[in-house]
Structure formats: C-alpha cells, structure tokens
Amino acid sequence: MDPQTVIARRIARELRPGMLVNLGIGIPTLVAKYVPEGLPVFFQSENGLIGTGAPPEEGMAHPLLTDAAGRPVTALPGAATFDSALSFGLIRGGHLDLTVLGGLQVDQEGRLANWMIPGKMVPGMGGAMDLVTGAKRVIVAMQHTAKNAPKIVKSLTLPPTSARTVDLVVTELAVLAFRDGRANLLETGPGISVAEVVAATEAELTIAETVHEMTL
Amino acid sequence: MDPQTVIARRIARELRPGMLVNLGIGIPTLVAKYVPEGLPVFFQSENGLIGTGAPPEEGMAHPLLTDAAGRPVTALPGAATFDSALSFGLIRGGHLDLTVLGGLQVDQEGRLANWMIPGKMVPGMGGAMDLVTGAKRVIVAMQHTAKNAPKIVKSLTLPPTSARTVDLVVTELAVLAFRDGRANLLETGPGISVAEVVAATEAELTIAETVHEMTL
Amino acid sequence: MRTLSLEHSVALIPDGASLMIGGFMAVGTPERLVDEILRQGKRDLIVIANDTAMPGKGIGKLVEKKLLRKVIASHIGLNPETQRQMMAGELEVELVPQGTLVERIRAGGHGLGGILTPTGLGTSVEEGKRRITVDGKDYLLETALKADFALVHAFMADYLGNLSYALTARNFNPVIAMAAETVIVCADHIMPVGVLPPDQVVTPAPIVDILVANPCS
Amino acid sequence: MRTLSLEHSVALIPDGASLMIGGFMAVGTPERLVDEILRQGKRDLIVIANDTAMPGKGIGKLVEKKLLRKVIASHIGLNPETQRQMMAGELEVELVPQGTLVERIRAGGHGLGGILTPTGLGTSVEEGKRRITVDGKDYLLETALKADFALVHAFMADYLGNLSYALTARNFNPVIAMAAETVIVCADHIMPVGVLPPDQVVTPAPIVDILVANPCS
C-alpha cells in the first residue's frame, strides 16, 4: 500500500457518526474515499457547502457547485450551501468536529507549520489558520519525512499556522498524539518498527507501553 | 388637522426615491400613510423585512409575517426577509437612509432621549440606540410639549439614546434642524408664529432669516 | 442529531440552565417548547432573547410563572409584568441594544471574542465596558454571548436537521442556533432528507442536536 | 438603483479604486465585469477578495495584465503569477486568514469597527495588531474593511436589485455587497419584481446601486 493510502485509511478510522469534517487539499482529500460503509459523516467544503458528494459523472457538472479548489462536485441529499461568513463561523465557532490538514512541519509539542516557506512558497494561509485554531479536533495527514529529512521536529523552522497544537499526526510510519506538550507514539505503520519511527523523527517521542501496528 | 397628522405629513415630504426608511412605533408609523403617490421608498421593519405593505385584509393575515410590534402586515412585490443580524447590519452599517423615531426629550445640540424614564418606564432600548447611532439621517417625530412642559430642552434630564445628535425634529409647532450644536428653527406649524414656538421651547433657538410655514 | 418527543426534548433542560429563545414579540418563538417548559416546571432559568413578548405569549408566559432568574433582552416594553418584576427586584434584567444583542450572540456562535460597535457610546450601556479606538473612531467592546440551550423555531426541517425559516419568524432563530451547547428545534414542517434545496437551508444540519418529533404548530 | 449597460457600469470605476470582488477560485466571480475592466484598461486597482483565482480566470486576469497595485486575499496558491509578482516586489499582497478576511469585510458592511478572533494569535498575522483579553482568553483585534466598489455575481436579481445566489457561487458575494460605497451586480438571470420569494432574497434591493442590464453568463 502506498504511503498516501495508509495515511488516508488510518485517518478514516477516526470518523464517528454525525461528525462535521473538513478535509484539506492533498492527502486529506483521500480520506473521503475510505469512509466506512454506511457511516453518516458531514463533509464541509469551506467555500460554502456541507454534504459534498463525489465528482459528477461526465456531462453532469455545474460550474456553480464546486469544491474549495474550484473543481465540480455533487451535493448529497440533505446538502446545504452558505456564504463564507457562515462557513468560517462553523469552523471558528467550534462546530467543526474534525479537520484534517496537510503539514510541512510539526514540532515536539504539536505546533503545525503548513502555510508557507519564506522566500520560496507563499500560497497564503487560506482557511488553514482558522481550521487549526477553531476545529474541535485537528489531525495532520502527511508523509513522515521530506527528502529523508524529518518533518516532526524539535522546533519549527517554518512559520506556525496557529498557537494551538494539533491532536494527532498520522504518517505512513506512525500515529502520534500530542498532549501536554509531548509527542506520544501510539501506533506504527504496516511493517514498521518503533526504532524505525524514532530514527525518522527529530522530536523526542514518548513511547506508549504497547505500540500496536495501525489497523487500516 | 390634529398634531400627529401635521407631523406625519411634514415628515413624509422628507422622503426621496429609493430611500431605505425605518419608522418607529407611534407617530412615525403614520408617515407611511402620507408617502407621495408613486414615490418608490423601501420601508424596513427591524424584525427582518423590507417592503412592508399595509395591514392585510380580514382573513388574509399570516402569523409569520408581522411588523416589529408583532402585528400582521403584508409584503409588497420585491419584499425581502432576513434575520436580525442582517437587519441591524443594514441599520448600523449606514445602509439605512432615514429613521423616524419618537422622542421624550431633545436637547439644545440635538441629543435624543427616548428609551426610558428612570424608575417609571423602562421598556428597553430595542433598536433605538442602533437606529440613532447608525442611520444616515435621524428625524424625531414628537409633539412639541408634554403636559405643557417643553420637550426640546437645554440639557437632557433623561438618559440619552445615543451620543450622536439627530438631524431634524418635527413637531406640530415647528421643524428644527440640528447642526454644529445649534437648534435651528426652519419652519413653523400651520397657523403658528415664531414667538409661539419660542415660548414652547426651552432650548435656545437659532431662528432662520425666513421661517416659512410648513408645506404639508 | 436525535429526534425526540416534545417531553423528552424539554426534559434535557435542567433547572438553572441558560436558554436562548428565538422570536420577536413571540413571532418565531417555539411556543410548544415554551409550553412544555411550563408544564415541566423548570426553574431559575436565564433567558436570552430579543424581548419578553407580551403576557400570555411566548416568553411572556415564563415571566408570568416566575420561572426566570435573569433576562437578557433588548425590549420588555410590551410586557408590563417583566417591568414590574424588574422594578420590584424580583427579576434581574439586562437590557442590551438589539443590534448589539444579536451581534454578541453571533460572536458567541462564530468563535469571536466580541465585536466593536458604536452603539451605546455615551449612554448607560457604556458603563463598565472598554472603549476602543480604531482609526480615530471610538467603539464599545461588546463581548460574546453563549448559552446552554437554544430553543429554535423553524418553518421547515429535514430529518438530518437542516432548517429553513419563514418571513419575519426568522429573526434571532438562525443566530441563536449557532451559539448554544445544545440546539433544540421545533419545526412547523418536517420533510424527508433531500427535499430542501441546498440554497434554501439557512441553518445546516450539523448544528442541530435535537429535533422535536412532531411539528411545532 | 440604476440599471446600466456593462460598459457604463464599469466606466464608473476610476483608476486607483478599491474593489471587493466576489468569488472563490473564480466560482462566483462576475467574469464579465472583470473582462470589461480589462477592456477599459483600469489601472492601480486595489483588489480585496478571497483569492486571485488561477491564470486566465477571474481576478487572475487582472493580475496577469498588471492592473493591480495591491491585493488583500487569503490565498494566492493556485496563481503562480501573483506569487511571482509579490516576491519580485511588483505587487503588494496582504495575506489574511480566510475567516478573518470575511469577518473584517462583514464588520465594514455591518457598521462594526472590528472583531476579536483567536485566529492568527502567535503567528505572523499577529504582527502590529492589538491583543485583547476577554474572560481570560486572548484574541486579536481585526479591524473593519470597506471598499469603493463591490463587484458582485448573483444567480438571480430582480429589477429592484434583490439578489439570490446559487450553491458555492455565493461565498463572499453577499458579504462584500454590504461593505462597498457602490455595489455593481452582474446576475445570471434578471427577473421581474415580485417573482423572487422574500425568503429567497439574500441581499435586499436597497444595498445594490448598479445592476448590469444584460445577464452575466
């Protein structure tokens, strides 16, 4: 299984009935593909839609029904559309149960950097700062390393997205929970040893008594 | 003509095409009866309606279409309904061209008191503070005196509704414009002399060079 | 979201709870929820609402039966009993300008700490509040309001909890729906899922906690 | 409100004007207004919008032709040309968190001086801003934004100026319509007065200044 699929499938297991969930662009988007059959979850698209359905079949798209990247989507039965003020009211007001975002770096305590690389890539924060600050639960979906360099670091070298720390980081190598300023290794990826996770991580890990392999 | 009719008819002459207007309870409500034929004006009811029409004919009311006092109204073609947040966004945001309110007292400089009499009558300010603070133009519709005591006074003895001064006060005796801290007598009521206005007013009046009688 | 009977919906509300209640002079107030609160005899309630309606209607009934400890409202003028209880010191009443009240509730529901408004400057509303200057203009800092429960009247709901409102019965309803821990909705019509056009939904389903099983009117 | 031709509508915009433009990745952007701005060659514009779309679409076209002096937006990631001009110092770009941007515009349109949000605390967004504590919680004070013009895309308008929006093309449109001196609307469908149900109107007529005479798509 490729790293992205591992991450997306593992995160899909965090979904609970009735949750309002926002998925960022990239790996987070894949999570929607692995929602357990029959589990009722609301997906919010921050451009103003709850009840985002699959991409439309050919010839059945409408240019005014799109995801946050401007791509045509469909609306599930019971969908709702609204303006950007309400969309971020949902996000900031604590109504969003879960946000899944990509990450560039996460530090020891769970602070996330994911919106810019100074002088190199400045896409803007879009909704990321509101999502990380406002969602009830924040999960980062990212590969464990970038060009073999650890992305889970002692201190951020990139600008933080929020002062609020994230709850969970899921990579192809590990599931890490951040609590009380500590990075707790909860699970390892398929066929991965604890030692391999530690080697690929710069941050100091608190290792749980029993570290299971991820169930996917 | 009774005092209320004089006041309402005179204020109706202040209406201009396309204006968004809010009428308070009492004399202000009467203004709607004297809108010049064919003049397109939007009346806002702060409970969430623009395009308030006349009371419905018998048997044609609906309990969910009402004015700010909870009385059934009709909706004109092109009416719009909205929540209280937008209603006061219109009022506070400078979109309301004119508000007409009742008054208990107006001082020398045009400060209005109209929302309570300490220890005696405390109805609450409702929308009055937002209306006086936010509307582009504020007209007070009230009788000139109460039990023969002047209501246009040197200083308020009642709690003010806003720090913002009103633009015009229309009574059955006079039209007064408030500018630069002064109360300017512009017009007199039907058959009323300047001296009579001065006698019924505690505030010091600046008397315009020519004081016409109101045209109704 | 759960669909519950009227009785079980109201049974969730403990004595002493803070309630935001929709409606403007009782128009858009979930009357059956109010009646059931009376029937179950809830006590010491804090009510946050535009007004206290009139005697015998909506929140007016709760005032009459003395079930309230505190009212936060913009207008009590059409309910002489609220005024009487306030002046007699039997009921605490906090009067808030209507536009400030709705923005404070909206702030609570939208995750804002507060808003800056010119309304109330230089009046008794300013007492005890911070004055903040932005670009040379003064404003009052008005802080966010939240509540334990929102009692919402909707015109149409679906069985997911999507809500739409009718005419002037909308007023505070969609705003309070965002600002309470538990949102209880009484709808005039309950529709199958998929029947409300997405653009007609004003309050999206995930916000609603409890839908009263039977229509509200 | 006046109904004007596309040409006359855009002719009202002077060089150097600040424009709020609706749309989210060009969805809900009044494309014909943008094209007419290009044709008339307006210069030195300030654009306030969610994003700068992508090359060849919506606001992306204005960036490409270098008609802008400044952009206030939350996201420029899908438009490499905006990033290039920003890094080359050719275009001033102020990046604002999306939820903060929409609330700042809303504040401008609703007569609020600003709002308190937790978003941006402890990040570069905090630089130069006031931190305000309410009930022991910190917030940033974010101030109101207004503009000379709002360029709004609506799905339906009537000839009074009432507007409704479709699906995800709503986004910033109703919010900017409140916050500009002059509101210019391009609608996909223009209907006779009295045809839109009052509950379906999202932006009420008195807010709109100019309705472009021909449908917008």
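In order of appearance the chains are A, B, C and D, and numbering begins at 1 in each one.
Going forward, a residue touches a chain if its C-beta (ideal position, glycine included) is under 8 Å from a C-beta of that chain, and two chains touch if they have at least 3 such contacts.
As the structure is a prediction and not an experimental result, all values here were calculated from the model.
In terms of the stated touch criterion, the partners common to chain A and chain D are C, listed by label. Between the CA-based centres of chain A and chain C the separation comes to 35 Å, rounded to the whole angstrom. With centres taken as mean Cα positions, chain D sits 32 Å from chain C.
Separation between the centroids of chain B and chain C, computed from CA atoms only, is 29 Å. Shared interface positions of chain C, i.e. residues touching 2 or more other chains, are given as 103, 106, 110-112, 117-118, 165-167, 170, 198-199. Residue positions 49, 75, 81-82, 85, 88, 91-92, 134 of chain A each touch two or more of the other chains.
Checking each pair of chains for touch leaves A-C, A-D, B-C, B-D, C-D. Those residues of chain C that touch chain A in the shared complex are 1, 106, 108-112, 158, 160, 162, 178-179, 193-194, 196, 198-199, 201, 204-207.
By the touch criterion stated above, chain B contacts chain D in their complex at residues 18-20, 42, 49-51, 75, 77-82, 85-86, 88-95, 97, 134.
Taken together, the chain A residues at the contact with chain D in this complex read 45-49, 62-70, 75, 81-85, 87-88, 91-92, 119, 121-130, 133-134, 159-164. By the touch rule above, chain D contacts chain A in their complex via residues 24-28, 50-51, 53-54, 73-78, 83, 86-87, 95, 97-100, 102-103, 106, 117-125, 155, 165-175, 202.
Interface of chain C with chain D (complex): residues 103, 107, 110-118, 132, 134-135, 137, 139, 141, 143-144, 164-167, 170, 198-200.
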